[in-house]
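The following pair of complexes shares a single chain, chain A, combined with chain B in the former and chain C in the latter.
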Partner chain A sequence: MDPKDKATHSPARAALLRLVPLALLLGALVALPRFSDMAFLNAMVLVCIAALYAMGYNLLWGQAGLISFGHATYFAFGASCTIMTMAAIERGSSFPTPLLPLAGGAASFLMGLVAGWFATIRTGVYFAMITVAITELVRAIVQRWDTMFGGEAGITSIRMAWGPIGFQKLIDVYYFTLAWTVIGILLLWFLQRSPLGTVIRGIREQEERVRFLGYDTHALKTLVFAISAGVSGMAGGLLAFTNESTNVALYEGAYSTTVLINTVIGGAGVFLGPVVGATLTTLFGYYVANLTYYWLLYMGLLFMVIVVCAPRGISGLGVDAFRRLRSDAPVPWGRIVRQAAGWLAMALGCIMTIELIGAVVQPSYGALARSSGVAWPPVRVFGISWMPASPLTLGGIALLFSFGALMLRDGVVTARRNVAKLAEAIAGKPEPGP
Partner chain B sequence: MKLKSALKIAGLSAAGTLASALLMGTALAQTQIDVILPVTGPTAGTGELFKNGVDFAFGEVNDAGGVHGKKIAARILDDGGTTQGGTDRVRQAISGGAKIILQGGGSAVAAAISADVKRWNERNPDNPVLLIMMGAEAAQLTKKDCHFYAFRTSTNADMRVKALVKALSENNRLGTKVFAINQDYSWGREMDAAVKENAAPFKYQVVGSVLHDVSKIQDFSPFVERIRESGAETVVTGNWARDLLLLMQSVSSANLKAKFATVFLDEKGNIASAGKAALGSYVATAFVAEAGGAEGEAYLKKFNEKTGANPVSAGNNAVMAIRLLSRAIASVPEKDMLNPTALALALEKVTAPWVHGEVSIRAEDHQLRLPLVVGEVSTEARFKLDGTDMGLKPVKTLTAAETEVPADGSCQMQRPK
Partner chain C sequence: MDAFLVALLNGLVYGLLVFMVSAGLTLVFGMMGVLNFAHASFYMLGAYAAFLSGRYIGFWGGLIVATLAVGLVGLFSERLLLRKVRSFGHTQELLLTYGLFFVLEELVKLLFGPTPVAYRVPDELRFTAFTIGNSQFPFFRLLMGATALLMFFGTYAALRFTRIGLIVRAAVERPQMVSALGHNVPIVFSGLFAVGSALAGLAGAVAGMYYPTSPAMAHELGSIVFVVVVIGGLGSLNGALAASLLIGVMTSFAVGVESTFGDLFRALGLGGLALPGLEAVQFSSIAGVLPYALMLLVLLWRPAGFAGNRA
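Let's look at the complex of A and B:
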């Protein structure tokens, strides 16, 4: 096909081009339980929840330009209110089970209205600080109020059947979560396309101008905050529904950080970017955590690499690649292969180094060395026994790193530029336009 | 040329990764005992204690030929110290075919895991899973939240406080004025209640009690002043980690006369950080090498050789759990060795040897019965801790019968028919 055809496509074809992959993805997700074991299905339930949570969070960041450091509160509050409603159903309330996430969403929305009114008085760092303060306040209350929130033992309940649906099997839970996640994301999509969405983006770019147009920007920002909190609360509700329990630990800072990391890794600038980040980190944590003790370190490294080399996240890279495909420029296969090989070598070198050092510093390694009489007993990495002190092992690692550096040497310039940009952003200087 | 060889190496390592991942997959599929521990996160230090105990105890069983002639091994899963992590690992474990789950770590995670296992067993009565909580001390786990497939191989607040005040009062070290300072959450509140409950039988007066924020207090000196004003002779605390350390440090700078009766002072690093402030404090714990005589010394030495660390605190509970489990497996026919129902019934009957006497499970609520040693932190102790010149000098060893606190009847478990 002539590349020019691609550039002058019709709107209908563009819509199709967007919808077909999404439909395929949804089809795959619907068919998934046929091919999956319980552990993976559970992981996918968590992916859905993390994705919806990150999408709710990114309404605030991507659309309104407000970075919250305390979204765990709304996520957790949604979970708490959902479990309380679940417990009420267990006691005989007629609240329909399928609408449970709405209970959490509504509660968090109301809370978001109050919290958002205070937080959105300010922007930037001050906004972030207020969100942290509110989180701490709520956490302090919740941790003491055991009769309401159950303390660190938490509240447990059980999913009650609703009509023909039992909700007892994980597969029911999966479809339930998937359905609500899709509903939530669609809601956000329509919000983004609505006139309200346009005004919100206007506030992000030039708040004063929007105010001169006659909009009450504080009220609008409060509303966006509340919607974002509500969607996060819905995600929390899904978690409560899945786990059939909640815990005050949900209110802790970790859940605020995770959603931020998911959004950065996925990319805040693309609508479905946070979904990509949530999927990646959730699956990573779910599976790699059982393979190595140092999985958090790897996650941190990955996060750093993405911030430095792809500040717009993985979805930003994807969008760039897609644009390039549709433009006339030839695909730089050589560079892609070179970089992939470089990153692979670097990753392998890092893994080898970390695992070897990690094994050697354990007290049990010292004990093994003493009892076996060998100064440097072998360490298993990748199912192979390595001699940690052997020149072959160390030389191999050095070779991996130098090969990686050789392959990635032209990336240094880009990385340096990105770091400089990041430093400027942190220092508060306005970023140059695109 | 250089590039080519480098590429070759990269390719080979990539193939190696893939192959090892596949190998790992098949090895894991055969594992039927999973251990869920906080290997990362804020409670990773505790997770390491459990890991040492697990490594040692499985090694001990396998060195003796395994059970039914088979070696037993476990896979360690990391819950990161969070309840969500615990829930996820339970599902992974069950999905991977695990029949037995051992859990080490705090009560909150244990409560989540226990509830998950309970629900799984209720929904899948033909495919139940056995759970042994090796270190969670919250009372409810063997009271209201107990269930047939859940076992606890550690103590609880009632047992620890009873052991402390019994040993100290019988040696005339308790005095008549006792102060309780604890953390304001379930464990601390249970400690607080236990101190007040034991006042009448052990003839002391609770002259003050404090419940403070968990891990939030920077300076304990106002509390130390309250202790001084109360005229307390003994202070009982269930504090752990930084709340214990900072408390001990405030005490050392305030020159307080009262002695401390603690639960977790022997955990790694505590005595070293508290320094001289720890001297004269008491701890009720499962293992004090000096109190065990030759057997205690042998255990200490073997544990150290295997893990490079001392057997302290929770690590010992992991050893007890696996000793009980391996004896339960040995006591059932080979075909039932991974049948959770048969094993649960067997666990109620077996006893396992321990340095200070036998340990066993109470059938009524699946709480461990174990001997406890009350030790005093002293420079005269034979075995030093944490690389300091201090160690635990035994005050009294209490038998399992003496430390037992009768079940209060709140555990209503559904037994299989």
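Let's look at the complex of A and C:
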């Protein structure tokens, strides 16, 4: 927070300013089932799980500065252990159903202790590579160990009633997931505010200095890794609880990628940033995935745009905008409109290109072309039929891209400079000597 | 003995292939501290480029086109993308190359579908090079090994005996110092990045015929290559070579082992440790695990890797 903000607003008011929106949000989430249909409620359950997963993940990144590329292992292990506990309850164990996510969390915490001990021997990119390798190691074992993890078929179990709560209706599952997500996020919040959190941020900034102060930084990093794994495992447990099944496919790279993308899109630097990212991508994915086969490609492109143009993510942009509004600087409406229009044009152009290419390269398209006798049969995008080879369509796409580039011309200037530099570099490259 | 020789040769060929991909990665990494997550994607792109161009200009032409095309892709991704985020630090570079890895995989799925394409060894190369005992050694495997060896000696000679090589070696060790001596390190870096990508592309073009050419091949080899870089040590070609060969040979031999986990536990005197179902799992079926297990051991014993001197 700016010193200027502090001077004009008292801390109590600042705290209120933060708490009131959060309380309203929580109220809205609690009241949601009264207004929502089943499909949206189902999507919100997935949002809660993705949010808790991303928050656990971001403990490692945002606080300790360590980026894991293999967190799916802990998420999936939590799910597997939860489903095993559910199966045990089904067989008559007295483990209380409401505490199920803790079983997954504890299992992943223990696994995180071991994996984290190895991974945090090194930092930076080495850490990243080791997390990838550990994930592959675990995946290779789990996929062979069918009697334990169920193999391709997976393990299924059912949610057993506990006391008055039946856990059969979706609304029960929703409140259960929401409650555990809030508990998990509160836990992370207090951890961040605790002395441990301070030391961990110290390690991120200057590890040697913290070691000099007498802390065992390797042990601390291992602990953070394990807590992060544990919270991710809780999220995995919630997924197992919701789906009443798990599968070894959970251990694959996709779940490591999703959480990383969610965190980057939301912004790792703001406490609730990952929640923003998880909400956006999960909701979009839930509704858009039915409309296109290439949802993952769009997500990857969005990810790259965010990394290059907004390294602090959406929540970082939001924080900047909020600061700007509260300071006296004039709002640059022209620039905002220009950028928005530019990005919109670029996005439309990309979607058109990808959907058209995607439709044209399908084997069925070739068959259609042969049977109908038309060289380029029409393709439906946005509910409109386009002729893929007509100059109108191609010109329209080119127009969208040119318009977008013009609107984002800051970027165009840079690109022009880069090309000039490249040409200069190629022209002036020194001859290799003898 | 024959089986031993065949396993050894297979392991060496696979190890050399892994080395072809990891060489570019470890040099780029040593020089600028950029871990290129998308490096294995360039390997995949090489296979697809050779598959696509090979249909029109034949196998050998396809190899050349794939190498050049992937080199260009590497050059552009360095100049147009990586440069943009350099000022934000290594984290942002790592994320960007990860995004590239993801997007390239999805793009290939968009264009060629998620299943392997029919990129096969051409018929004129489908013959047996020599026979050891009863097992025939296909010529194509020999070709893969020879390509990798040629590449190794080529790279080694270029690094050892040319002026550019001298600058590159110096820049891997002390980039700031080389820059202070008046060499344009960013240009050298771009060139190295392009050459490293081209080599990965060549490796993909050769290997894609033998192993399935699918969007998953980047992921499969990528993690092995990381293991090689961690084990071999920062920016060290020799370390990467040793690690690649070790992993190749080890995996190749493990596939032939018929023992199960149960045998291991009994041998260790832990026969009572009845882990459900794990007893019957054969080692050979999880031979892929060995490189990762080796990495964990090396981390314990020598965190900087075989040839690493910087942590």
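Here is the rule we go by: the second predicted complex is superposed on the first by the 403 of 434 C-alpha atoms of A that agree within 3 Å, B and C clash if a C-alpha of one lies under 4 Å from a C-alpha of the other, contacts with A are read in each partner's own complex, and residues count from 1 in each chain.
Here, a residue touches a chain if its C-beta (ideal position, glycine included) is under 8 Å from a C-beta of that chain, and two chains touch if they have at least 3 such contacts.
A quick note: this is a predicted structure, and the numbers were derived from the prediction, not measured.
Student: Return first, second, both or neither, reflecting whether A:R144 touches chain B, chain C, both chains, or no partner chain.
Tutor: both
Student: Just checking: does A:A423 make contact with chain B only, chain C only, both, or neither of them? Give me first, second, both or neither.
Tutor: neither
Student: Check the residue A:L25 against both partner chains and state whether it touches chain B (first), chain C (second), both, or neither.
Tutor: So A:L25 meets neither chain B nor chain C here.
Student: Touching A:D37 in the superposition: chain B (first), chain C (second), both, neither?
Tutor: A:D37 contacts chain B only, not chain C.
Student: Go through the superposed model and pick first if A:L16 touches only chain B, second if only chain C, both, or neither.
Tutor: Neither partner.
Student: For A:V331, decide between first (touching chain B), second (touching chain C), both and neither.
Tutor: After superposition on chain A, A:V331 lies in contact with neither partner.
Student: After superposition on the shared chain, which partner residues are touched by A:L296: those of chain B (first), chain C (second), both, or neither?
Tutor: It touches chain B and chain C both.
Student: Touch test for A:L399: chain B only (first), chain C only (second), both, or neither?
Tutor: Touch status of A:L399: first partner only.
Student: Name the residues of chain A shared by its contacts with chain B and its contacts with chain C.
Tutor: On chain A, the overlap between the chain B and chain C contacts is residues 144, 296.
Student: Over in the complex, which chain B residues touch chain A? Could you list them?
Tutor: 3, 6-7, 9-10, 13-14, 16-17, 19-20, 23-24, 39-40, 52, 55, 75, 77-78, 80, 82-85, 87-89, 91-92, 94-96, 107-108, 111-112, 115-116, 119, 123, 138, 140, 145, 184-186, 214, 304-309
Student: Which residues of chain C touch chain A in the complex?
Tutor: 29, 33, 35, 37, 79-81, 83-85, 88, 90-92, 94-96, 98-100, 102-103, 106-107, 109-113, 162-164, 187, 190, 219, 222-223, 226-227, 229-230, 275-278, 281, 285-286, 288-289, 291-293, 295-296, 299-300, 303, 311
Student: Can you check the complex and tell me which residues of chain A touch chain B?
Tutor: 37-40, 42-43, 46, 143-144, 151-154, 156, 158, 168-170, 239, 243-245, 247, 249-250, 254, 286, 289-291, 293, 295-296, 341, 344-345, 348, 362-368, 370-371, 382-384, 396, 399-400, 403, 406
Student: Under the touch definition given earlier, write down the residues of chain A that touch chain C in their complex.
Tutor: That would be residues 65, 67, 69, 118, 121-122, 124-126, 128-130, 132-137, 140-141, 144-148, 253, 257, 260-261, 264, 294, 296-297, 300-301, 303-304, 307-308, 311, 354, 357-358, 361, 414-415, 418, 422, 425, 429, 432-434 of chain A.
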